[in-house]
Structure formats: C-alpha cells, structure tokens
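One chain, subunit A, appears in both complexes that follow, with subunit B as partner in the first and subunit C in the second.
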Partner chain A sequence: MMLQIKDLKVRYGNIEALHGLNFEIDRGEIVTLIGANGAGKTSTLLSLSRLAPPDAPTVFEGDILFDGESILKTEPHKLVEQKMMALVPEGRHIFGNLSVQENLDLATYAVKEDHQFVQETEDLVYNLFPRLKERQKQRSESLSGGEQQMLAVGRALMTGCKFIMLDEPSMGLAPVLMYEMFRALRELNKNGITILVVEQNAKVALDFATRGYVLDTGEIIASGSSDELRNNKDVQKAYLGG
Partner chain B sequence: MSTTATIKTKKEMNLWPLALFIGGGIIIALGATGSINKYIQTVIMFIGINVILSASLNVVNGYMGEFSCGHGGFMLVGAYVSSILSVLLFTNSKWLGHPILPPSTAVFLFPVIIIIGGLVAAVAGLLVAIPSFKTRDDYLAIITIAANFIFVSLVNNLEFVGGSRGFMGMKGTVFAMEDVFKAPYMLFWTLTFCSLAVFLIKRLMRSTFGKGISAIRYDEISAEIMSVNTNHMKLVAFMFSSGLAGIAGGLFAHVMGFINPASFSIMKSTEALVMVYLGGMGSLSGSVLSAIIFTILLEAMRPLQILKWVLIPLMLILLMQFRPEGLMGNKELTDKFPRLKRFFTRSSM
Partner chain C sequence: MFTTVLQNLFNALQWGSFYSMIALGYCLVYGVLRLINFAHGDIFMMACYFAFFIATFFLSIFLGLPGPVIFVITLFLTIMVTAGLGVFIERVAYRPLRKKGAHRLYVVITALMLGFILENGNLAVLGASSRRFPDMIDKVIISFGGVNLTNLKIIVILSSIVVFFILNLIVNKTKIGMAMRAISYDKFAIPLMGIPVNKVITFTFALGSGLAAVAGILFGMSYPVLDPYMGMIIGWKAFIAAVVGGIGDIKGAFLGGFILGFIEIIVVAFFPSSYKDLIAFVILLLILTIKPTGFFGVAKSTKI
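The block that comes next holds the complex of A and B.
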C-alpha cells in the first residue's frame, strides 16, 4: 500500500470534522472520495497534504502512512520536495498575476536542478493540454475556469510527484471541459500517476475512478469498486438521485 | 532555452554599480570640500536612511505581501544598540565612563557597530516573526504594532539609557573619527550602507529564494504545496527586513547625535509604510524613488510647520484616488524605461 490512512480524526478549533477515517490507496490506482457538502472531503485532502492550521484542520488522532512511514510530522513543502504528493486545491489557487509558463516554472521549485525532467514534464503538460501551450505567455488570471484547472493540474505534475490529489476538479466547468479534464487525468494514470479525486459530482467521479469511498459527516459509510457503489442502494438514494 | 538566457546574462556588464559609485563619490567629494552645506548633507543622509527603511519594509510588505507596521521598533533596537556600543567603546561619557577602546579605532570599527545594531534588530525581528506564523494579514499588522509599542515602552522605562529623556553622545564617535582624518564620515557610511542594502535586496529578490518569497504574496497555500518552505521564508524575510531597519536606525542615531524612544514610535513606522505604498509594492526602484521624494517633500514643507501634516496625508489620499498602485506599481524603473536598461546593461562582447 502506498498510502494508508488509519483512524484519522481531525478538528478545526474544537469542532471535530473527521471522526476516524480508514482508507488506503495503492500505486497506479484512481480512487475517488465522494460525499455531500460538509462531509469532510476537503478536510481529508488538506490533512493529507499536511498544511498548517489556519488553512487546514489539526490531526489529533490516527496516522497517515506513506509507504509505511508516518508523515504526520512532515511539513507540506517537504512532501512535495520528496515527491510524495501534490495537491490541486479547490478553487485552483494558481498564481493569478503570473503567466502560464511562469506558473509551471514556479512549480519546479524543488526539482529545478533536473533540467531534463523539467523539459520532459513541460512537454507532457503541453501535450496533454494543448490550450495551455496557446496561452503560454498569457496572465493566468485571464484564463477561463477550465484552463485554470488545467494549469493547476499541470502545475501539480511539474512538481514531479507521482501521486496527485485533486479537490473538485469539475467545479465550475462546462460538461465538455469536465470530460476533457477527466480524459487527461486518465491518460496520466496510464503513465503511472496515482490519483485521488474528491468530487461532489458522484456520477462522474464513479465513472472515472476504479474504486471509491463514500463520505458522510466525517465518516466513511460505504466503500468498494465503482460498480458496487453505483449499485449500492444507499449511495443511489443519497448521491445519484435514486 | 533557459540555459542560453543564463549565459547571456553572464556576458552582460552591469553599469549600475559604477554609476552609483561615481554619483556617491561626487556627493562625498562635494561634502568634503564643503561645496554643499551641512543642511543639504543632512538631507542627503536622511534620504539614504529612508531609502534603507522603505526598501527593507518593501521586502515584507511588498514582495512578501504581508503587512508589517512596526518598522520603527526595529529601527529603535538598532539605534539604541549601536549608540550604546558607540558611546561605550569610543567616547568619554558620564554614564558609561571612559572609552574602552582608543577613540581612533572608531574609523574602522564604526561600520561594525552599525552592523551589530542591525544583527540585534534582526534577532528582535525573529522574536516577532515566530508568533506571527500562525496569523496572517490584519493579525500580523496587530502583532507588529504591538511589538513597536513594546520596544518603545521598554526603552522609555530603561533608566540607564536615559528613558524617555533620550540618549546622546554619539556625536563624540563622529568627532573621534574626524580627529583621525577629516572627512564626511556619516555621509560616506550612509550612502555606502544605503547602496549595499539596495544591492542586497535586489540580489535576494532575483534569487530562487526571492522567487519563493514572491510566491507567498501571490498565494500562500499554493506556495506551500509547490514545495516552498513558507515558514522559513517568512522568517528569513522578516529578519532581513528588520535587520536592515536596525542598520538604518544606527545610522540615524549617529547622524542626529541624539535619540529618544519617541522618534521611533508608530509615527516612524507609518512614515516607512507611506514610502512603501507611495513607491509601489514590490518595486525596489519605486521604494528608492519614493524615499527620495518623500524626504525632500518633508524638508520643502518645513516652513509650513504643523500644516505639513495636513498636506501630506491629503496628498496620500489623492495618490490613492488617482494612482492606487503607487508611483511604480510593481514594475521597476528599467521596465518603464527600457532605454535606461539598455544604457546601463551593455553587452561586454
């Protein structure tokens, strides 16, 4: 197992947001975490990325193991430096007043020495999202929502991490763009990138992922392969519209 | 492509240091021969000090995008530390007795005590930066204002440095230096430290480290998940900035010959803030330019006495109305006038 989450409990101030999550992700998988608003999806991702309290919840119980080692004490920038995991945050968080190219360059902060890797990954990103190539010199603020999302994914790739976590990649995207995004992600997965995707749009997420967990008010209420979840009566009722 | 770019910059010869050197040299020569009077010299020194202040505050408020408004406090730390050292080491004073070192050594050791003042101010900056990690925006502003008040009240209540009456005797060090060899020392050191500070800030912001600092301004969460160690960056940027403020304080103390806690109150911090926002956040040449303009403006309005504190805020309001990004925005002088860049950066081939 690449990533193991054991009995993870987190809180914001005094409010407990996750009440003991258990799940695991293996190399090369596409796993989805679905759930309604406030179920704790983003909290899970933020605690995995180890961001510090004002931005993320505090883990007070449980453990996060990456390749068998606890990363609870690892700082977020170290996670990226050691090429463990990259986060594509909700709302994209791209550097708005930098150009597309500059955004990608900034993501190579930790791997800068490795010119060959940077060049190869840059080519990969531009092949995957030809639109970004067209907009290379443009201020990233002026990109459309879909393009910004592509940039956020591209930026995560540039860090050299083989495990990418995406927070609501479909948010605010037109269906066409959304499918294009998932097609690109699937292609990345074929190249050996492990993906954890958090989604509110359960239908799309289950079509995309091979396995999933259903989150409700800070607990996992169902898990299994995408097909199993799709046929699960409770999940259907709650998230797939009966 | 990037490799060719780096090769190209290596072959370029930068004429900026040379221009600075010649300009500074002329001013110092004029000062030494007495061609410019003492008043003008003092104004030039204040410009130098204010340039250090605004450029260093720009590192935190401009490039890093945090809001620190306790710059006066760090200036106070630097001013008092270097003044006490200066009086203790080189002069005969009522409080601290005979000089520990022969006064003539001040010629060489003067920059050292100024730098020590800066280092202590940097440590003070560290003490303020640590609790500010968990806060952001308004909260950092509150912490730094509080720190400013703490430093001022602390010195107000320290009887052995004169408390609120102030501390003096630094002129003795300047005279001791002049006894060895007559020269406008303060003018020389102010201009030297000022150029050094600007040069250091420029190098820092151009480095990979500096890019990390800018990334914090654009988006702190993204910076962190792009492997920028934001805590470390904030710490270093804050220490660097307050250290330079301390150096400015030390120079200020020796130019004035007298300091009291009230000169480094929130008013001084506000002046530094005004200069940063007047010049434009994240523009080094903007900070330098605005420090020059602001200092000259203050001096020019001296005849208006108290009325200048009506006019200056009014001008600020107008500036914010018509040019909210400041004089330079986040651009540098060379971005606005590419010709200037071409003139100063010749290819040596």
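The block that comes next holds the complex of A and C.
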C-alpha cells in the first residue's frame, strides 16, 4: 500500500474533527471521499498534507504511513520535495499576482534542475488544458474559476508528485468545465497518477472514482467500490438524493 | 536660480536614495509577513556601526591599502554582518511568535521593542558619546555650471539605483523572488509548492537588512557622526515614505523614498529649516488622504 491512514484522530484547538479514520490507497488508484458539508473531508486532506496549524488540524492520535513510513513528522514542503503528494486545495489558492506561467514555474521550486522533466510536464499541462496556454502570460487572478482550477491542477503536476489530492475540484464549475476537468484527471490517472478526490457531489465522484469511502461527522460509515456504494441504500438516501 | 534648483535636485536625490534603500527593507518584510518591521531603522543604525568598526579596523591594520579597496571590503562585510543580524532577529524574535500563532499586534510590539533593545544595547555597550566615521574615500568636488557635487553624493545616488535594479531582478527573475511575491498573495499554498516558508522569510530579512547596510555605510560616509538613536527618525521617515509610495510594491517604496527626499528639500528651499518636517509630513498626510493605498499601492482583491 502506498498510503495508509491508521486510526487517525485530529482536532482544531479543542474540537475533535476526525474520530479515528482508517483507509488506504494504492498506486494507480482513483479513490474518492464523499460526505456532506462538515463531514471532515477537507480536514482529512489537510491532515495528510501535513500543513501546520492553524491552516490544518493537529493530529493527536493514529498515524499516516507513506510507503510504510510515518510522515507525521515530515514538513509539508518536504512531502512535495520528495515527490510524495501534492494537494489541490479547496478554493484553489493560486497566486493571483503571478502569471499563469509563473505559477507553473514556481511549482517546480523543489524539482532539482531536471529541465527535461519540467519541459515535458509543462507540455502535458498545456495539452491537457489548452486554455491555460492561451492565457500563459496573463495575471492568474484574471482567469475564470474553471481556468483557475485547471491552473491549480497544473501546478500540482509540475511538482512532480505522482499522488495528487483534490479538494472539491468541481466546486463553482459549470457542468461542461466540470466534465472537462474529470476527463483530464482520468487521462492523468492513465499516465500513472494516483488520485484522491474529495467531493460533495457524490454522484459525479462515484462516476469518476473506482472506489470510495463515505465520511460522516468525522467517521467512515461506508466503503467499497463505486458500484457498491451507488447501490448502498444508506448512501443513496443520504448522498444521492434517494 | 537654475543652479540652485539643480543643486537642490541633487540634494533631494541623495536623501531620497537613503530613504529609498531603507524603505525597500520595510516593503520586502511587509510583503512577505504583513509585518511592519519597526526594528528596521535600528538595523540601519547597526549597519552604520558595523561599517564604522569594520572600516576603522581595516584602515588601522592595512595602512597601505587604497581607500576604495577598503570601502569595497567594508561594504561587502557590512552587508554580510547586517544581513546576519536581520536573520538573527527574525529567528529569535519573530519566528517563535509565528510558530505560536501570535496575533499580529504582538509581533508589531515585538518589533518596536527590538528597536529599543538595539538602541539601548548599543548605548550600554558603546556609551553615549557619538563616533566619527572614518574617511575611506577622498572627497572630490565636481563642479559644473555652478553646481557643486561631491563624488560621494554621486556614489549614493548611483548605488540606490543599482541596488534597486538588482533587487528588481531578484524579485522578478529568480525562483526565490517569485516565491516572495507569491507568499504576499497566498501564504497557505507556499508549502504545497514544495517551498519552505521559513527559508523565504529568512532570505527576505537578509535581503532587506543587506539593503539597509548599503544605506548605512553610505550614510556614515556622508554624515560621519554616529549615535545610537540615529536610526529612529530616518527609519520612521523611510517607513512613511514606503507607505506613501505604496508599501506593497517595491517600485512604490523606492519612489516613495524619493518623493520624501524631494518634498523635504523643496520645503527647506522656501521655508525656515525648522519647518521642514512639519510641512513635509503635512504634505505626505494630504497625499495619503487622497490616495490611502499610496501611489503604487493596489487594494488587493480577494477572489474565491
């Protein structure tokens, strides 16, 4: 297993947000975490990213293993530097005062002088999202929401990480753009990128992922392949509109 | 009349250069941490003292060495030592607060206290007597059309321009500079790009303090009397200059310094010199009232 989450308990200040999460992801998978607002989906991703409080919750019990080794003491930028995992955060967090190209360049900060890799990945990003190529020199805050989301994904790719976590990639996107985004992500998966995607839109997420976990108030209440979850009565009732 | 104007123009450029080089330090730290580093004026003061000791030391042990060589050595060493001081201050004072998630107010108070500590530490160690900065470069007066310029004045003005261009290059063309700009927009996402936030902050303090060092050594050479409180007024003025220019932008801070230089010199040309600060600050106040973000400041729009 590439990533193992063992009995993970986290809190924001004194408020416990996750009450003992267990799940795992293997290389090459597309896994989704679904759940209602406030279920702990974002808290899970932020815990994995190892960002420091107050940006992320504090892990006080349990462990996160990457290739069998705990990453609890690893600094967030080290995770990226060692090409373990990249996070496309909720709200995109692109650098609006930088151009599209500069955003992509900056994401290669920790990539050690490998010009070929940088060039290839840049080509991949621009092929995947031709709109970004058109807006290469533009200040990125002038992009539309969908384009900003593309840029955020492109940035994650530029880090060289083969495991990408996405927090609500469909949020605020028009349906056409949303499908375009998921099509691009599927293509990336075929190229060997492992994906963990968090979604409120359970239907879209289950169509996209091969398997998933259902999160409810900080606990996993169901798991299985996408088909199993789609046919699960409780999941249908709570997340798929009956 | 014309020569007086020209003469004053150069005086304004010289003072503007000092303000600008110091203002850039405020601007850099503010951009990265959203912190007004009120100790910055005193870092400038410390730079003057560092330069004083380094220059005196080299002048006394290498008697044969030409002045300009000693100047270059002093400049280089002063930049290194002052950058080290800036980084040290960040480590021992600001980083622990940041780690604990302290409110910005406490960090600003810490900056103010640090300024006092540097001033009074200097006073305690070196005593109250002011010191005379040694001469490293022989003063040459260049006259043209009735305007008298010292070579030092030209060096000061050119230095500020060179420093600004180098800084511009760093901020716009290097990855660490790009990270400095990015951090001012969105600190959260910086580690997600594989960038160590603390390294960017350390670099910023080193850079800002290095600029203060250039200003410090040149100021010491131009106005050779040093005292522990010399950084206070000039530091405050440079800070105000940075805000008037637009503190979020290095162009703004740089020009802000020159705006202040010009206003001061113009006021002195027409009014008794005791009115200088009064009128200059009234004008700056008016500028800020009309454009609160400063000349180059842009109100940052947040996008969701």
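We take it that the second predicted complex is superposed on the first by the 241 of 242 C-alpha atoms of A that agree within 3 Å, B and C clash if a C-alpha of one lies under 4 Å from a C-alpha of the other, contacts with A are read in each partner's own complex, and residues count from 1 in each chain.
In this section, a contact is a pair of C-beta atoms (placed from the backbone, for glycine too) under 8 Å apart; a residue touches a chain by one contact, two chains touch by 3 or more.
Since the structure is predicted, the reported quantities are computational estimates derived from the model, not experimental observations.
In the three-chain model built by superposing on subunit A, subunit B clashes with subunit C. When both complexes are overlaid on chain A, the residue A:Tyr12 reaches neither subunit B nor subunit C. In the superposition on chain A, A:Lys112 contacts subunit B only, with no contact to subunit C. When the two complexes are overlaid on their common chain A, residue A:Glu141 makes contact with subunit C while staying clear of subunit B.
Look at A:Phe60: by the touch rule set out above, it reaches neither subunit B nor subunit C. Residues 49, 51, 53-55, 75-77, 80-81, 86-87, 89, 93-98, 106-107, 109-110, 155, 159 of subunit A contact both subunit B in one complex and subunit C in the other.
Against subunit A, in their complex, subunit B makes its touches with residues 2-3, 133-136, 208, 211-212, 215, 218-222, 224-231.
Residue ranges of subunit A in contact with subunit C, taken from their complex: 49, 51, 53-55, 75-77, 80-81, 86-87, 89, 91, 93-98, 102, 105-107, 109-111, 141, 148, 155-156, 159. The residues of subunit C lying in touch with subunit A in their complex are 101, 175, 178-179, 181-182, 184-186, 188-197, 301, 303-304.
Across the complex, subunit B is touched by residues 49, 51-55, 75-78, 80-81, 86-87, 89, 93-98, 106-107, 109-110, 112, 115, 155, 159 of subunit A.
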